[in-house]
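Below, each structure is written out as structure tokens.
Both complexes below contain chain A, partnered by chain B and then by chain C.
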Partner chain A sequence: MRFALDEYAHLKSPIHRWNPQYKLIGLLTLMFAFATVEDLRLLPVISTLTIILYLLSRLPLSFLLTRLRYPGIFLFTVVAILPFFSGETVIWQWGIITLRQEGLLAVVLIVCRFLAIFITGLVLFGTSSFLNLIKAMRSLGLSPILADMMLLSYRYLFELAYQLNTMQRSTRLRGFKPTQFSWRNLQVYAALAGSLLVRSYQQSQEIYKAMQLRGYGTSMKSPQSKRSIDVYSVIALIITLAIAIGLIGLEFLL
Partner chain B sequence: MHISEGILPAKVLIGGYAIAGLATWYSLREINKQKNPTEGVPKAALLTAAFFVSSSIHIPIPPASVHFVLNGLLGAVLGCYAFPAILIGLLFQAVMFGHGGLTTLGINAVIMGVPAIIAAQIFQFRYSIGHRLKPHVSLNLFGFFAGATGLGIAALLFFGLTITNIPSDFDAQTEQTAIFGLMLAHIPLMGIEGIFTAMVVSFLQRVKPELLPS
Partner chain C sequence: MSQTTPEQINSSSTDLVDKNGIIVEDLVFSYPNQNPILEEISLTLKPGEQIALLGKTGTGKSTLMENLVGLKQPNSGKILIQGISLEPKNLFEVRRQIGFGFQEPNDQLFMPTILEDVIFGPCNYGVSPEEATEQAQELLADFGLADVTHRPVHELSGGQKRLAALAAILALNPSILILDEPTNGLDPWWRRHLAEILPELPVQVLLIASHDLNWVRRVTQRAMVLQQGKIRVDMPTEQLLQDSSVLESCGLPLDY
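Then we have the complex of A and B:
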């Protein structure tokens, strides 16, 4: 399964060059600015900005298409429901099927906003290594407990998924029929989930001991590194913030 | 049961982040009250990953299949670590699978995490309200209520927020009917989630009782 967040973090592009700390602030602000858009006249603007951002990141199109597979179900549901049930202005009718203007416009707004925010998020997490993004979050004030939990969870996620896969295969080899819904099957699933929790707990005890041996939990001061201002990243941040503020301002003015 | 990007207006998203921030602050304060706050971090992190993976188990309920939400179970097992665990799990789901989103992370954390905190409290009631019952009955009963309540409140928050905030022209009566109908459809699922939670806590009590908060 290709669900690693940072498989294209090694590429070279103007977005990859951007310091993760500044990138996090800039792109998150831009995403919230996209979320404020409710005027349909701004949709071409946010769509163009998103396309430019994705092209600048040099991430392959296949990366975007793979990630769009699951949210595609949500998009399909919105498109399938809203234009036919929401609104009063009928623009097309065939028997009981009625296409309504308000619903159609709501779909256009939701889909454009969704794609703009989703793709910007993809650029944010696809152009930096996960470790660097956590470091950036830490430098911006994320609690060390949350940062440690995030890193450890990410580290063991795929390993536990593999363990669950193996356990499920073992149950099938022993004659378990997962296609039936019964009390017995529910007990087997509960035992599977319980076993996974017990295994992960036992593993966490060993990890904690290993971490303690390496000094985890003791208040050691890390050596202060000299912080120099990355001019390129600061300029990129200022441009992004200006665009975000401009979008919010336009939304209020229009 | 995650709200995707683009559906909710910005003020709701910011409100969601504000409540999620408050709940995270409360959880971290509870964690920091412990004798050694870092001791529980590896346990909470690996259990977060395990819950994340376990929620992919699909149960066939003809003609479809459902997966467990497990926020009630997470609250029952992780206690004050439950909200941060849900926040992290939702972040992974948003960036790995596109379930939920980054702007909706706060509101989704509220939808899943606040019921988990309530479920954690319900599960603790087995010591106060349930102490007259036999231990295994009390464990199963409060495990059931923790699981069912976790899903029930999450579903109510999810449907309520989505239907009332979607940019459309549904009238108030249609919105209320939709929320009521969807909640009715979720009652059997609440029952199944509750039974499953009771089964898992019962399993943990037999195999590894120290995993359950005392």
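Then we have the complex of A and C:
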């Protein structure tokens, strides 16, 4: 099983060049700005900005489409009923099925905002390695414990998946039919989940010992790395922040 | 058959002028409300020695090693690491002297890439990230892992993980190296490769717990056998492995 969080982090693009710290601030601010948009007249603006951002990142379309699948299904289940029940103005009717204008516009707003925020998030996480992003978050004030937890979760997610895969294979080799729905099958799944929980707990204790043995928890301060100012990243941040503030300002004015 | 008894070891330790290495005196360890796992263990591991710690599963080899690195606190007794008494208040300083290799390298490689793992220890001890990275890259290149420094750990083979874990330990330049079952899960090629590397490492004391008697014969000169919480036998490895009566009495296989 292969996880592809950093699959395209090695590409070369203007967004990849952007320092992760500045990128984090800039794109998160942009995502918040997108979230504040309520006026439909701003939707073409945020859509255009998102498309430009994605094109600049040189991430393949397949990357977006594969990651959009499950969130898209979730979004669909949430908004699908809105056009039929939300609002007063009826624009189409067939028998008892009524399409309402306000509901339809609400769907357009929600979908556009969702896509803008989601795609911006993909650009953020797809153009930097997970490790560099965690380091950037840590340098911006994320609690060291939270940062370590995220790093360890990322690292051992693959181990857990591998162990689960191995256990599942072992059950199949002994005649277990996973597609059958039965009380016994549920018990087996519960046992698998319980085993995984216990194993991961035991492993976490061993890992903590290994970390302690290499000085974790009582560390000396290491000298700060000399950081030169990355002009490109600063300019990109200023532009992004200006766009975000502009969007919020426009929303406020309109 | 000549064997050094624990009493002889104990008396010789107090006469040592050079207190480098590991000295253990009357170590007792038990879990709460349980019988002792280690009973009055006394031993001396001198600089220049490569020692095998043998014994059946469950005799306390891992427990003894975890006591030596301060992961477990003994009920009584004394442990000296390079002349410094191992106590909770000085674990941070003492642990820099000891590299401990776990049975399972996955437990030891907890950063997303092996380069990050190798610089983890030095950065905790005040080395700058740039310097630690430079040293780590040299170390990984020495171990033939230069091409995989930025690979995620889960993509490495068992042998590569073992070497990467070793590199991560050695990054702190320990003078003592303790390895728990280092050949677990390794194929013959990797076992041989490890046997070639270990004696060349710049450590003063090498202590290896292993069930692989053929392998320890190649790597160690001295062997101790733990049985029922005590060091039953302490003699040259080759001599031990050729003495079937000793092997049998210690519960070790004759047909290794």
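The criterion applied here is as follows: the second predicted complex is superposed on the first by the 231 of 254 C-alpha atoms of A that agree within 3 Å, B and C clash if a C-alpha of one lies under 4 Å from a C-alpha of the other, contacts with A are read in each partner's own complex, and residues count from 1 in each chain.
As a working rule, contacts are C-beta pairs under 8 Å (C-beta built on N, C-alpha and C of every residue); 3 or more make two chains touch, one makes a residue touch a chain.
This is a predicted model, so every value here is computed, not measured.
Overlaying the two complexes via chain A leaves chain B and chain C side by side, clear of any clash. In the superposition on chain A, contact of A:170 is made with neither chain B nor chain C.
Looking at the shared chain after the overlay, A:131 reaches chain C, while chain B stays out of its contact range. Contacts of A:211 after superposition on the shared chain: both chain B and chain C are touched. Once the two complexes are laid over each other on the shared chain, residue contacts for A:74 go to chain B alone; chain C is not touched. Comparing chain B with chain C, the partner in contact with more residues of chain A is B. In the overlay built on the shared chain, the residue A:28 is in contact with chain B alone; chain C does not reach it.
Of the two partner chains placed by the overlay, neither chain B nor chain C lies in contact with A:139. Of the two partner chains placed by superposition, A:48 touches none, neither chain B nor chain C. Once the two complexes are laid over each other on the shared chain, residue contacts for A:197 go to chain B alone; chain C is not touched. Looking at the shared chain after the overlay, A:154 reaches both chain B and chain C. Per the superposed model, the minimal spacing between any CA atom of chain B and any CA atom of chain C is 9 Å. Residue overlap on chain A between the chain B contacts of one complex and the chain C contacts of the other covers 151-152, 154, 156, 203, 207, 211, 216.
Within the complex formed with chain A, the chain C residues making contact are 66, 69, 71, 91-92, 95-96, 98, 100, 102, 104, 106-108, 110-113, 116, 120-121, 123-130, 132, 152-154, 168-169, 172.
Of all residues in chain A, those touching chain C in their complex are 130-131, 151-152, 154-156, 158-159, 162, 203, 206-207, 209-216, 218-223, 225. Contact residues of chain B toward chain A in the complex are 4-10, 13-14, 24, 28, 31, 36-39, 41-54, 56-57, 59-62, 68, 70, 77, 81, 84-85, 87-89, 91-92, 94-99, 101-103, 166-170, 192, 195-196, 199-200, 202-204, 207-208, 211. Contacts from chain A toward chain B in the complex involve residues 3, 5, 28, 31-32, 34-36, 38, 67-71, 74, 82, 85-88, 102-103, 106, 109-118, 121, 124-125, 143, 145-146, 148-154, 156-157, 160-161, 164, 178-181, 185-187, 189-201, 203-205, 207-208, 211, 216-217.
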